[in-house]
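This structure is in structure tokens; I'll ask about it shortly.
A, B, C and D are the chain letters, set down in written order, and residue numbers restart from 1 in every chain.
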């Protein structure tokens, strides 16, 4: 079977390079081209490499960045993974969809559009149907977005809990890694030995996206879920892995052990379908008293291809009618490039590609 | 006026050395002796110095550590500041009180005793009266404790809010500095580039102490306050300064601006009394979008003697019936040695010494 | 005595703001204006503050940044402290000197000009005479530069050693703080939990400047010193304070104790003159086995006004004909703004202002 | 072929656990038992795990620690890998050798014994013959040690340079990771945002070991190499990977390009023999201007089994008769457990096992 040729947009950035990492040796997809702004045109990937400690094949490092030209891309690639910055993504992704390309985006620009699936395959695979309602579909292409990096890690266990017990409120405080801000991103003078209790637009995204994702798809539209969602976001001096402190008020009272069981037995569609980038266990519940931790658990997930795709949960405990727990996920894999690759795998499995 | 001779217990530890720092040149108190376990007996303070970047006078650094012997201490000192580890503190502090010493402790051992004031002068100065109910009072001495370091930073703004609007629930997640674990404390392998979502007994202390401190003193006892309190505690790679993400459900709905006003106009007793270690403004509300931050704000507080004693609050904002805000305070000054020194100043002002 | 009005150039940067810090309450100088590029024109200092954990007076924070216009500056200020980036400094500083302003610069642009003193008052105060040879002097102004931040910390003890024993070779490896790269400077993704063994042009500056500074002023020119100088420079995850590992081959063999004595008894001109920003002891030799360290010693220096101006030396030891030692100095105070302020104080004492 | 049963000594420590990691699926060796002090007896490896972010098989994590009893070990294991602390290692390793076990040790205790090979297979494979001269050989066992972690990374490129050009002097300053101090090791209060310019005995080890390793084996003994070696050692806030700034004075002058060629064409015995843990390229010369860096290069080495075993060299440059370069190697793999595993593989290839 010939592999689908895919474009990587924003290949000079952190997310773009994570796409490249995940696409090396991918069973369905093959990199057809690397694209970025004109400033980087002609440089090799090796010359603009940002992601450290990841091994790329020599031929991948030798690929040259091309300027982002939607029609030229459409001639070569059926699909595009977008790690573009938000301000560029909006128009570029729309133009690509017009030109017939299936766009799987990490950018926030189109996430809240009523006809765009804000998709996490473990959470709301049925929302993918929304793509069929887009104006450009099927002659042209379509846009599917992943969720914000900190929303994603939370949404997976929240879905399991929501399904099992219902949900009245979720209070979350984040401990977010610097790679979430891209490169050059956070200045070292701001974060060494420090915590910055502010990430622009992040709390708004978390508070907005979660209701759409946990919402019900019916009659061609998504009815948002209804529960209190209060998010506070901070940046910590960690390279990769967003940790989140979560307090829940469930729809019905449940013991911590019941919640653990609901999390551990959660087996959603990507795992049932055996998608290549889906981790065997989407949620790993840690039994230790001090886990999950970024440097220990950010890359959780089996098999090799799904490293960084599992969400780790730990310290599930009760407190007078509340459930407290900690969630950790890799922000540029599970919460970034990996999420979109999994979205594309689901789309392929469902016949949209 | 002759200064009160005071003992510093646990002078080889982080809190003990912060006591020493605050007592240099103190207008009421004078160091009568430095005490620690027998292991350090005879060493000079300079030889066991843990606190970095603080200037001590040469004569202070030359003082020798003595073994902790209650009766000998009582002969020399009217008052003791205790930075002892919890397991040692319980008996040693009781023995000192028996021997006639007024003990101002940073240890947790006696905090929840019904007859011991768990005291923050800005929060519950009237609770100091409990000291008079202790069996050893007045022939002997008494014990007054400060609160847990992360509880203290929270309690001050919570008091202002509680007084103004009432309180139905408080959800707090902490970002705690490593100095809170003492020395050697947190191994660098555990915390460099990492977050550890667990601090032993910390959540329990926060959830328990706050109700006692915000409680009502009446008829010789404290009636605990009643509101939901849910705490999640984590250690971050920061040297000094505990940051806390706080979500509140007030007794009556209030706009963020009203909350800010309540915080900024809060003028409790230590400020009215002009206690030497009381900051002019006990709560500093930051207007910037990304403050408070540990490296910028941990040492907030005027005048010089009160550096590290002000609590910084920032990003006060509303979210559908909730108030969100961030709190920062210096964990070994405001939340440690400074808190106990202020307690002793209050006791002196109230005639207990 | 009316204070000299001074301009601070580059007031939005790290060095510029250290100038402001040092000029608050300065006995000779008074800030006449804050200058930066047009982009920041009209903003207050408070709005562009980069330096964290330093207290500024409210009226200083309220000062507005003005666009850098040499003639306008010259009308108001007799003197300018320049924290401009190198590429801007060259022309702007020359224009200011033409317009009659005495420029004390932290930029590298004019350092190696034969008629410009590359000045550290403790090292080569006689080189200041070079300023009189500049074309613009005396009708116009003149330019005096400080040295590179990592060269400065090294030059002070090297001068003491050079004077006492002569010098055949100096091998130095640096551990440099991120504040040396300004703001935003080093991206956190590059330095968290990492070391970057490269700082552009830094080794070249160290290898070049040291010979000029330790050179002999005679007959209106400087004869460079002659010894092997080999520098290797790296950035480490430290906020402030450049640490340097130094290996010396002296002109004549000397025991470590002799070197320590030469360092401790070094009493150069600024201390003899009692310049306000000169530390009482220019070199502090630490006796501990593990000092100097950035977080403990970067702010060394007495009195209060000279904090961060003393150079700390430690672990002076012999190894088969070599002397090994460690040097630490504050890179934006001693090695930046403080150095230039001290230069201006020397110029005033010598009648150049 | 039945695998050799091996004991891992010190299995609760960082090096011990790296041994376990490398022995999982090893083609020659199989873990016969995990040993440590009595304090840990009976605990599973999972319960005492220190190394973070490494995947162990479930059955390995379930293995129980046994108390270190030489005769019992000798009955089960032909070979022991020792990650014991120095003070314990001396007697325990000697007792094991007496009991017939081939001990491959990471401890310093026996390194400088005239009859013990201080072995790096890429550097001095012929020194292994020394093992045959030990009193216990062949009836009993023998002891082979690896070198100090910071010496190892340096010795490999130094050997290549020494062989090609001769060597007159080596000046080295280290930037060492905290994992080198074991667990709990360096307190976070000492190293967060800091550099500690002292590691006990480290400079002495580097200055002593290098001459033995680069020495000539002849007539049953090692004649040490003769060149000036001056080492300065510091700890930096990095998890894994020792970086070293190296200045060389070669036996004959050579251009940087010649040195690079000597490094890149270096193909020593382990690579010729195809030992399983030998990296295909023992020295990787980086061409970028800012490499090697710990977070990017510590795990260099192909194939998968040799990750962390290659030494990275960068920024090879000339400076007036000197060669400057930077060296990086993984301190607990190449400079610790991996070094000893490679030593054992060489011993097997040479018929000593």
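Methods note: a contact is a pair of C-beta atoms (placed from the backbone, for glycine too) under 8 Å apart; a residue touches a chain by one contact, two chains touch by 3 or more.
Remember, it's a predicted structure, so these values are computed and weren't measured experimentally.
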When the contacting C-beta pairs are counted for C-D and for B-C, which pair yields the higher total? C-D
Could you work out which chain's C-alpha centre is the most distant one from the centre of chain D? B
I'd like the Å distance between the centres of chain B and chain C, where a centre is the mean of that chain's Cα atoms. 40
In whole angstrom, how far does the Cα centroid of chain B sit from the Cα centroid of chain D? 47
For chain A, which residues are shared contacts with two or more other chains? 52, 192-194, 237-239, 293, 295-296
Across the complex, what residues on chain D touch chain B? 14, 50, 52, 178-179, 183-193, 237-239
Which stretch or stretches of chain D touch chain A in the complex? 52-53, 192-193, 239, 293, 295-296, 298-299
Which residues of chain D touch chain C once you look at their complex with the stated criterion? 171, 173, 175, 193-198, 207, 228, 230, 232, 234, 236-239, 243, 245, 247, 289-296, 314-315, 319-322, 324, 326
